[in-house]
Amino acid sequence: MPARNMVQALNLALREEMERDDRVVVLGEDVGKDGGVFRITDGLLERFGEERVMDTPLAESAIVGTAIGMSLYGLRPVAEIQFMGFIYPAFDQIFSHAARMRNRSRGRFSCPLVIRTPYGAGIKAPELHEESTEAFFCHMPGIKVVVPSGPSMAKGLLASAIRDPDPVVFLEPTRLYRLVKEEVPDGDYTIPIGQARVVREGSAITAIAWGSMLERTVRALEDFDAEIIDLLTLSPFDSETILRSVDKTGRVVIVHEAPRTCGFGAELAATIAEEAILSLRGPVLRVTGPDVPVPLAKLVDHYLPGAARIRAAVEELLRY
Amino acid sequence: MPARNMVQALNLALREEMERDDRVVVLGEDVGKDGGVFRITDGLLERFGEERVMDTPLAESAIVGTAIGMSLYGLRPVAEIQFMGFIYPAFDQIFSHAARMRNRSRGRFSCPLVIRTPYGAGIKAPELHEESTEAFFCHMPGIKVVVPSGPSMAKGLLASAIRDPDPVVFLEPTRLYRLVKEEVPDGDYTIPIGQARVVREGSAITAIAWGSMLERTVRALEDFDAEIIDLLTLSPFDSETILRSVDKTGRVVIVHEAPRTCGFGAELAATIAEEAILSLRGPVLRVTGPDVPVPLAKLVDHYLPGAARIRAAVEELLRY
Amino acid sequence: MPRTVIETFSVTRLDILDAEGNVDEALLPPLSSDDMVRMYELLVLSRTFDDRALSLQREGRIGTYPSILGQEAAQVGSAFALEQGDWVLPSFRETGVHITLGYSPALLFQYWAGDERGLACPEGLNVLPVSVSVGTHIPHAVGIAMAARYRRDRVAVVAYFGDGATSKGDFHEGFNMAGVFRPPVVFICQNNQWAISVPRTRQTAAATLAQKAIAYGFEGIQVDGNDVFAVYAATRRALERARSGGGPTFIECFTYRLSHHTTADDADRYRSASEVEEWKKRDPQERLRRYLEKLGYWSEGYQRELDERARGIIDAAVRAAEAAPLPDRRDIFTTVFEGLTPSQARELEVLHDAGA
Amino acid sequence: MPRTVIETFSVTRLDILDAEGNVDEALLPPLSSDDMVRMYELLVLSRTFDDRALSLQREGRIGTYPSILGQEAAQVGSAFALEQGDWVLPSFRETGVHITLGYSPALLFQYWAGDERGLACPEGLNVLPVSVSVGTHIPHAVGIAMAARYRRDRVAVVAYFGDGATSKGDFHEGFNMAGVFRPPVVFICQNNQWAISVPRTRQTAAATLAQKAIAYGFEGIQVDGNDVFAVYAATRRALERARSGGGPTFIECFTYRLSHHTTADDADRYRSASEVEEWKKRDPQERLRRYLEKLGYWSEGYQRELDERARGIIDAAVRAAEAAPLPDRRDIFTTVFEGLTPSQARELEVLHDAGA
């Protein structure tokens, strides 16, 4: 299996899915000739032509809106939003239409589409280029939310997202795009949506993370007997894997880079407090970004959860 | 003190604040000549003229966007979004601009504005007329979120929201508009933002609710020794009052009408699981809408948390 | 290097059938007498539905309902031009379109009574659910049309919306996308002069809505929206253009909402009775009646018979709608995703057990 | 009742100074020779900043930077027409505007180096922070202008944005609002022919961007954006109209982005070198230089002296920016709200204690 970084893995997934299924089309700003500002769609225009790889005007609501239309007609559009910070103009289309068309029509119409977008902080880019507001999309019945944590997960999950019968918001941790290479299988290879992955078994504590925080959590907890869960799908999330682990360890730390209040960590903590209270030996701790907008380059490292804060939370928990 | 329903209370608050402060202006769809589809702005156009009461084109993003501009210039605009289900087109303006202008300019500019909108289910109106997606706005650093639970709270909180130096999303439970009358003081009367209210003291269980679920929770738990908290401000929320109560009761049920996953109840439960774990005698239970879009009239009553479900949760908790 | 004129544009308007029932023969589209009679019957049937819906609402048997009174020609005339297989995206005020397309009136009543099953478009028809959120369905029409063209299907797509919708960002983004990609789409705006209480002149400073198409590089045309032949002719031409690869067209139907915005509205708060009276004189049904009378296709007896037939259809539809069993409460879960999520599965049980 | 023309429109273009440095005297706005020299110096200073920013980025001393090369006249010419007290809403590519308005270059460097303090506009200037989110600041300009008019302040408001921004919903909603309320606002689009890799012709099917104003009932005009006099004249006239209650104007500055989109972009992937070469011949600075030379205001010695002065200013600005102490990490909390929220207060402590 060739070693690939996440950009290559995502590009491969798109190419293979487009080859496999002529319903798959790609649209967005600069996805064609330029191959995407991160090159995720590189080479697709040359290979599949203008009808399947569409450079659109600068209009996020219409990118998602036309993708919805295409999906209603039976295509499987993959829309790129150039950065997650520019997905908000399309919020209404996602919430009011993509998420609801199946329900609104009692199953007669549906929106099998994928909205891909670079996600998260750590690349020292301008404002709104480092967002991680996944929780918004997890509060939308009818939308699935997927966050890969590395090249091979990225490939398998993107293939699954494209094949999924329902709309998927697919968040690509920008910081990981070229950070590591991994063995990534060619050909038909999928990772199921809705299943978390136990990255490392352990018995003293359960650490839950996703996206670019996973790598950071794994490194931070090298010297601890921690069970580390890579959530992968945030909506619908795999509570079983989490609860099983919490039953075993009795201690939980949740790590995410989004601001704490109403971040996805809140839902995880609430689920645990609801379903596993008797197993808990201490508080459910969240190590998150603070309740502020993501700062620019000079201060962003004070925003992002770092190894010290992750370890401090674990050490605090181990005292219970 | 005259008895007023919530419509009258809100109308009075607007009129008095506009009289008090010529920076206060009102804008939105049908807020002028028509007085608002719920009549909240009735009579304001006649009294304050077209420069201060503006019927706008049908454009939510621009309603909020121009309100942002007005607030940047030093006015105190109160923008009405006709129903919460139509706030999503303005999501980007709220998230990317209203919430961030102060921070982006390091305090040089700010956005003291209020976005009012009818909120919540129970009036058997068409789709998107019964939304309660408050959690979205609680995950926006820089935005405050306020939900009154009755006429007098409504008046005092709206006055505070208008005087607040930062942007406030003010959610008006539609079902309560004309449900009850209360004594509502005339004149300068405010309820502080950020403080919850203990509606009823009790010692066996803490029930937390807001908006139209408060009334339902109070009625459902008449026969229980429940301490009932009316949250009033969701962001920033009053964790002190909650934790004090949980310390006393050791049992918590949270009631909201929004879908469960990533609803605001998740944040409350997570905060409790983080800060009061040792006081808890049982799980933190959430009684909420299910993870589905709000159904139309024929099924909406199966969506909304009812007294039976609230009581069932309390009874379950009392077994711990 | 003086200040030079670099582009010029004009906006045209089409009128064929006037308020007295006279037609401009030169402009009359190819319609058989059967077609014209059928159009008239659809106008009557739509109005009969509308009337009944208003009574049902007053009796509490359906919820809030938006009347189409005065707009029947814009709806019937445009929908009449469509072909089997075309895709239609209504706003929330298109009873006449639904009825012309053969969408079951019973389903419509069911929907307005608050039952989502009324929006489950029967197979064979491609009518999207109503878009309550004003104007936000416009980009969908563009995407559907792009997909149809990609599939080499000779399908056209029509999106309906009101004058208020032209102020929305999605109108702009969708129109601009349509201009760039030129898919087979037709945009039909029923400019009924009001968006709830906001008059057309305060909705936009543009002199016409049709001219908004200039911003997107395709044709915009205004038609007399109370003239069923003008609406039909313009739509037909736009559909032909769409099908033959000529790209999008924007049609502004200049019409009037004779009733309140919805049953929840009181239009007397914001507009004058005299304005409404003026527009009543331009009634779309009456002018086609006059024309048919001149041609000898209309008589009072025929009208009585027709009214009775229409009432019969609508009565039956109401009966069918009200005879439908209540939806199962589990229905709120079953079509959110293709399958149930784990949390939904748990919630479904709670719902089932506690029942409240 | 034939198909009648009901509206006609035209779009004009203004050119004053051509690429050879010839002017149309009849159209030349009232500018003293000092003004013209000052304009030239601002063009040079802007380009000097731009050049330095590109080097600093290569050296890793600032972050991603968007060059204004080729667009200096559109920026300097328009900003030159503004008065003290006017409000300005830049997009993210307006170095020339900032510099013309007297916004400190040191603050700009600080900002591009990733320090929010660079956007804290000094008192006395009303320049909003850059809007990274394309086009979404347009409605703010409308609101500011409405507020200024309400206050009876003789203030005008100018919003800057690119050709790509014209596709955004907020462009439309903001423009439409401006048409309806007619506040003192001027919209300046730098049509630099590209939105990253998307050429103007694929951004919209409209022949010009200026014609988009037709949709909103106010004037749109195209000007040669590389002609500092045309830009100035059009802006001045629009500002006068705004101040005198004449409402909004849309100015399309027809120009070109000679550099990559930003330092993170590689324009060679999507456009031809020959196109860029063609546009280099229309360089805005060179043509004003030629004109000044003809008038006798320019010499090689003057240019050398000017370049040196500009470099001195920019050097000092870089030094000042880099000498600024790192922002305090607590700064991430202090301007989110007027005060700290309870949860922020707790978080601030964690941040302080754990430090990572």
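We just call them A, B, C and D in the order they show up, numbering each chain from 1.
Throughout what follows, a contact is a pair of C-beta atoms (placed from the backbone, for glycine too) under 8 Å apart; a residue touches a chain by one contact, two chains touch by 3 or more.
Predicted, not measured: the structure shown is a model, and the values here were computed from it.
Asks: Measuring centre to centre, with centres taken as mean CA positions, what chain is farthest from subunit C?
Replies: D
Asks: Using mean CA coordinates as chain centres, what's the gap between subunit B and subunit C in Å?
Replies: Between these chains, centre-to-centre, one finds 36 Å.
Asks: How many Å are there between the centre of subunit A and the centre of subunit C, using C-alpha atoms for each centre?
Replies: Going by mean C-alpha positions, subunit A sits 40 Å from subunit C.
Asks: Using CA atom averages as chain centres, what separation in Å is found between subunit C and subunit D?
Replies: From the centre of subunit C to the centre of subunit D is 43 Å.
Asks: Which parts of subunit B, given as residue numbers and ranges, touch two or more other chains?
Replies: As it turns out, subunit B has residues touching two or more other chains at 56-57, 59, 61-62, 85, 89, 92, 96, 103-104, 127-128, 141-142, 236, 261, 291-293.
Asks: Counting only residues that touch at least 2 other chains, which ones in subunit D make the list?
Replies: Within subunit D, the residues that touch at least two other chains are 116, 133, 136, 167-170, 173, 176, 180, 202-204, 331, 336, 341, 343-344.
Asks: In graph terms, with chains as vertices and touches as edges, which category applies: line, ring, star, complete, or other?
Replies: Here the contact pattern is complete, since every chain touches every other one.
Asks: State the interface residues of subunit A toward subunit D in the complex, per the touch definition above.
Replies: Going through subunit A, the ones touching subunit D are 29-30, 32-35, 37, 55-59, 61-62, 85-86, 89, 124-129, 260-261, 290-293, 295-303, 306-309, 312.
Asks: Applying the document's contact rule, which stretches of subunit C touch subunit B when the two form their complex?
Replies: 63-64, 92, 113-116, 132-136, 164-165, 167-170, 195-198, 202-204, 264-265, 269-270, 326-327, 329, 331-333, 336, 341, 343-344, 347-348, 350-351, 354-356
Asks: Please give the residue numbers of subunit A that touch subunit B in the complex, ascending.
Replies: Those residues of subunit A that touch subunit B are 61, 85, 88-89, 91-92, 95-96, 99-100, 103-104, 127-128, 133, 135-136, 138-139, 141-142, 235-236, 258-259, 261-270, 272-275, 277, 280, 282-286, 291-293.
Asks: Report the residues of subunit C in contact with subunit A in the complex, numbered from low to high.
Replies: It is residues 87, 116-117, 119-121, 123, 128-129, 133, 136-148, 150-151, 169-170, 173-174, 176-177, 180-181, 331, 334-338, 341-344 of subunit C that touch subunit A.
Asks: Using the touch definition from the top, list the residues of subunit D that touch subunit C in their complex.
Replies: Residues 1-16, 18, 24, 26-27, 167-173, 176, 179-180, 182, 202-208, 211-212, 214-218, 222 of subunit D touch subunit C in their complex.
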